[in-house]
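Both complexes shown next keep chain A, but they swap its partner, so chain B is in the first and chain C is in the second.
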Partner chain A sequence: MAGLSSARCLFRSCSRIKHVERSRHTLMRCGVRTFCGGAQDTGNARPQFTDAAVQDILSRITGLDLQKVFRPILQELNPPTYKLMTDEQVEQAVMGATEKAKKLLQMPPVLPERKPISDVLAEDKMLEGMDTAKFVFTDITYNIPHRERFIVVREPDGTLRKASWDERDRLVQVYFPKEGRKLTAPLIFKEENMKMVFAQDRHEDVLDLCLVQFEPDSSEYIRVHAAAYEDLDKHGKYELLCSTRHFGGMAWYLVNARRVDGLMVDMLKRLLFKDAVSLVSLFHMVHPNSESAKEAASQQATGTDLLKIYAQMESQRSGYIELALQAYEQTAAEGSAA
Partner chain B sequence: MATAIQRVAKDLCSLSPSIFHPLRQIQRLSRRLGPSPYLPHSHFFCKAASPQNEDSTQAAEALSRYNDRPWDYLESEEYIERYGASPVWEGYRRNHKGGIPPQTTRKTCIRGDKICGNPCPICRDPNTVIHHQNVKLLQQFISPHSGIVYDSTQTGLCMKQQKKLNEAISTAQDLGLLRFQIPYVKFTGEDFYSSHDAVGSTPPHPSLNSGDTWYKC
Partner chain C sequence: MPNRALRQKRQPQEDFTLCPSTSSEENPVNTMVHLSSLLLKKYHGGYVVIRLALAGHKQANRPFYRIVAAYNKRARDGKYIEQLGSYDPLPNIYNEKLVSFNFDRIKYWIGCGAHPTNPVSKLLGLAGFFPLHPMTITEAERLRARTEQTVAGAEEGLEVGQEQAEV
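What follows is the complex of A and B.
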């Protein structure tokens, strides 16, 4: 009997230790997830959109066409001004314009979808049937960020709950209106209308409107961006977003979805080999466990060798990429010979 | 007889301006009766009877042809013959007293069945319909350089049609049929966090689970 009880005690203590170990493991995993921004072991942590290396690559492949960035827009017109400048002044003006263009090409944030708010603060049955409408109480203190603003809803059945994200966005727009944002989403974001607009090659307009209307972590924002990128990938119209602020987001979406072939082929068609190489290096950064990444790491490949490894291992359109590489090497050889 | 009417009209003119309008009609009538005063009135009515019916049926057919698809009219031959490449409102001139036109155009051209004299560019052509899908027509009223909708004093539209035009333009822009300048959004200095108590999940108050209420009832 005593032996059995002692065995039972031992068993219980063992199971407790097991539970403790398991909980410690989960704690460790949670810790890694929450502090992933400042993770020391970069090998395990997935590179994020905001990492400096990733942003550097994306801004490089976006390009900087001053004529496209500063194209004429619809605005109040003034008579033109003429300036007499020396060559140096012109160069300085162009440099100033490139700086301004880099600021304008700042990439909008790519965030995971926000979790829905469903917290009930109180259930006061005394107030049931007091009114047929909901009451929304918003804290309109001026100096607090919108994300720290308390917005609560009193339902007709007496429950006091925190407002959902849609209600929050709508009410913040009511009390603190943002320029261009509407209370109800414009009808352009419906499926049929978006298809019609994409057929007119106006993806940039839709994405700009999405930036104005929705918050970056809302489901609508993510859905519209995904639809725009899918349509661009399907029809191969990558140059529509070239040297705009949305190109980085599109490249990041395609790299995460492992569908970089179309973009690669488009870059090679436009003879942007450096951009293609940086795109492949970004792919290897994001997917370090893929075959081409391991091969490239083992061979320490750079330049066109990276493209060859990618074409052989990963891509489905390897034929075209290899042909383009051959043509590029031929022209490079001819150029160096001549 | 006609001269007698005119003399009476002139006397009444001096009395008050409110009688001016019907007196103008009397003057017009007297002028009409002037050259051939012995023609019976019935002659005029009979003349107008048959062609009026044909015109109305033709107009009804034309209306019904473009009722469902008003944007087809802008590609039709009759439109090109009438307007060519210039916008619908080009060449229209408002009638007003003095050199400076009133700051607002007339309230509406069509009241019930009656249409006024010199109707506005939209009301004078029953096939030009302001509809949010009629993008080509709407674009004629928007400046191609600045994107601003022309004022009714420039185009000559009556106030009712101008209001309809503004609504149609905003609907078309909403649906994505018309282009417009989208404001640039900066994303500096904004943290999109959801860790604050206002938007994150907070542990519920103990009274919720226990079932006790803070009030005594």
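What follows is the complex of A and C.
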């Protein structure tokens, strides 16, 4: 009961969403640094999340619905401003808004899980029994990136070791607080609470909070994102994330898990054939050894042929995809005939 | 024979002219004139120390120290030159005592000839920045001897109690 009421209080305190807006940009600054670090491993033949081609496809299928990107979010109440504009000025304003929307839709990085730190710097057995508490020493020099900061722990038994990732995150938040981030993770990230929130269709809020709270390569971040994407896939609620910054991450996750059928069906329902085609090409890029990829490469297929090959080879719901393709071709033929 | 009269007695104050300091107490000629600093006392024979200053005097029974570079003659909690870190002696919910050091500035002040006090040296030794302070080791040994004594005493007391119960 207490857990329910506290969860309800959490959902009511939506002022956190305001903080999320501003801290997004600071997070992107930190995120971009690790982003570039990930793009440097050229040894893998496998395409990574950070490849230009992959990013291009993902940003295209995310879509750019201005109404959804700039929908009213909880922020300070300002009276609306009205401007008198000519048609050209309106067009320019719309272009400026598209630019801003593209920046807001910048995808958060997808990184492999970070390896645990277990470096012991010194073992001094003579200090054993000196104190019952640990000493945690942080270096608060201003100009070092947080990843390179020295944070060491002196245990009561005398060992001097580097701090683990959780301790690091917590102490960096103590000495260099970031807006919107809490010292202890909010209760919303527990399994039961997440299920409740997903039932209310609030995946985007959970993902935004997760982005602010956790580092992109922490296990918590990956776990929350995986849970959100699984739930979306199970219930087919892909349009919740459409035209948001999390869509690319979801598409990448599904493509890597080879469960693209649901997303494909959803796209065809909403008649987004170009997006479906780019999704299939992304799938072939990531899994070049699959049968459909080899067929497509041998036939040099493009457009709806790609979809047909994919439907025949890989998908489990091939019937629906083929029907939808036929309907599309009919409407295209009628349109060109008329 | 070296002329001892010519050799000057080495003042700790002389160290400050080696490193560029913006404070105008030592060198009012080279820096901007701050009117307030002309009214400040000039510490004769004073030197800079890195020490713990108690902060948050509003709460009783809740100490919190700032690691601070200050003049030797100043009050413990009075005006300091620069804050170099913090130390919280009470452990938190994760059983940690949080200590922070701005190592960059500590190196600067030690380079300028600041003296760290014993508690600060012990903390820096525990952090691994300085070698371990001998008193830390001595205190650890003393604590261990004391706990062994109390444990031995408790065992003796138990045995005596058992014998009395038998008898």
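A few notes on this one:
Rule of thumb we're sticking to: the second predicted complex is superposed on the first by the 294 of 338 C-alpha atoms of A that agree within 3 Å, B and C clash if a C-alpha of one lies under 4 Å from a C-alpha of the other, contacts with A are read in each partner's own complex, and residues count from 1 in each chain.
Criterion: a contact is a pair of C-beta atoms (placed from the backbone, for glycine too) under 8 Å apart; a residue touches a chain by one contact, two chains touch by 3 or more.
Keep in mind the model is a prediction, meaning the values are calculated, not measured.
The superposition on chain A brings chain B alongside chain C with room for both. In the overlay built on the shared chain, the residue A:E76 is in contact with chain B alone; chain C does not reach it. When the shared chain is aligned, chain B comes close enough to touch A:G180, but chain C does not.
With both complexes superposed, B is the one of chain B and chain C in contact with more chain A residues.
In the superposition on chain A, A:A133 makes contact with chain C only, not with chain B.
Applying the stated contact rule after C-alpha superposition, one finds that A:L104 touches chain B and leaves chain C untouched. After overlaying the two complexes on the shared chain, residue contacts for A:A122 are found with chain B and with chain C alike.
Touch criterion met: A:R168 reaches chain B, while chain C stays clear of it.
In the superposed model, A:L160 lies in contact with chain C only, and not with chain B. Nowhere in the superposition do the C-alpha atoms of chain B and chain C come closer than 8 Å. In the superposition on the C-alpha atoms of chain A, the part of chain A touched by chain B in one complex and by chain C in the other spans residues 121-122, 124, 126, 150. On the side of chain B, the complex with chain A involves touching residues 145-148, 174-176, 179-188, 191-194, 196, 198-199, 201-202, 204-205, 207-208, 213, 215, 217. The touching residues of chain A, when paired with chain B in their complex, are 73-77, 104, 106, 108-109, 111, 114-115, 117-126, 145, 147-151, 162, 165, 168, 179-180, 186-188, 193-194, 196-197, 202, 205-206, 208-209, 211-212, 215-217. Interface residues of chain C, counted against chain A in their complex, comprise 85, 91, 94-105, 123, 126-128, 132, 136-137, 139-141, 143-144, 147. By the touch criterion given at the top, residues 121-122, 124, 126-142, 150, 152-154, 160, 167, 171, 174-175 of chain A touch chain C in their complex.
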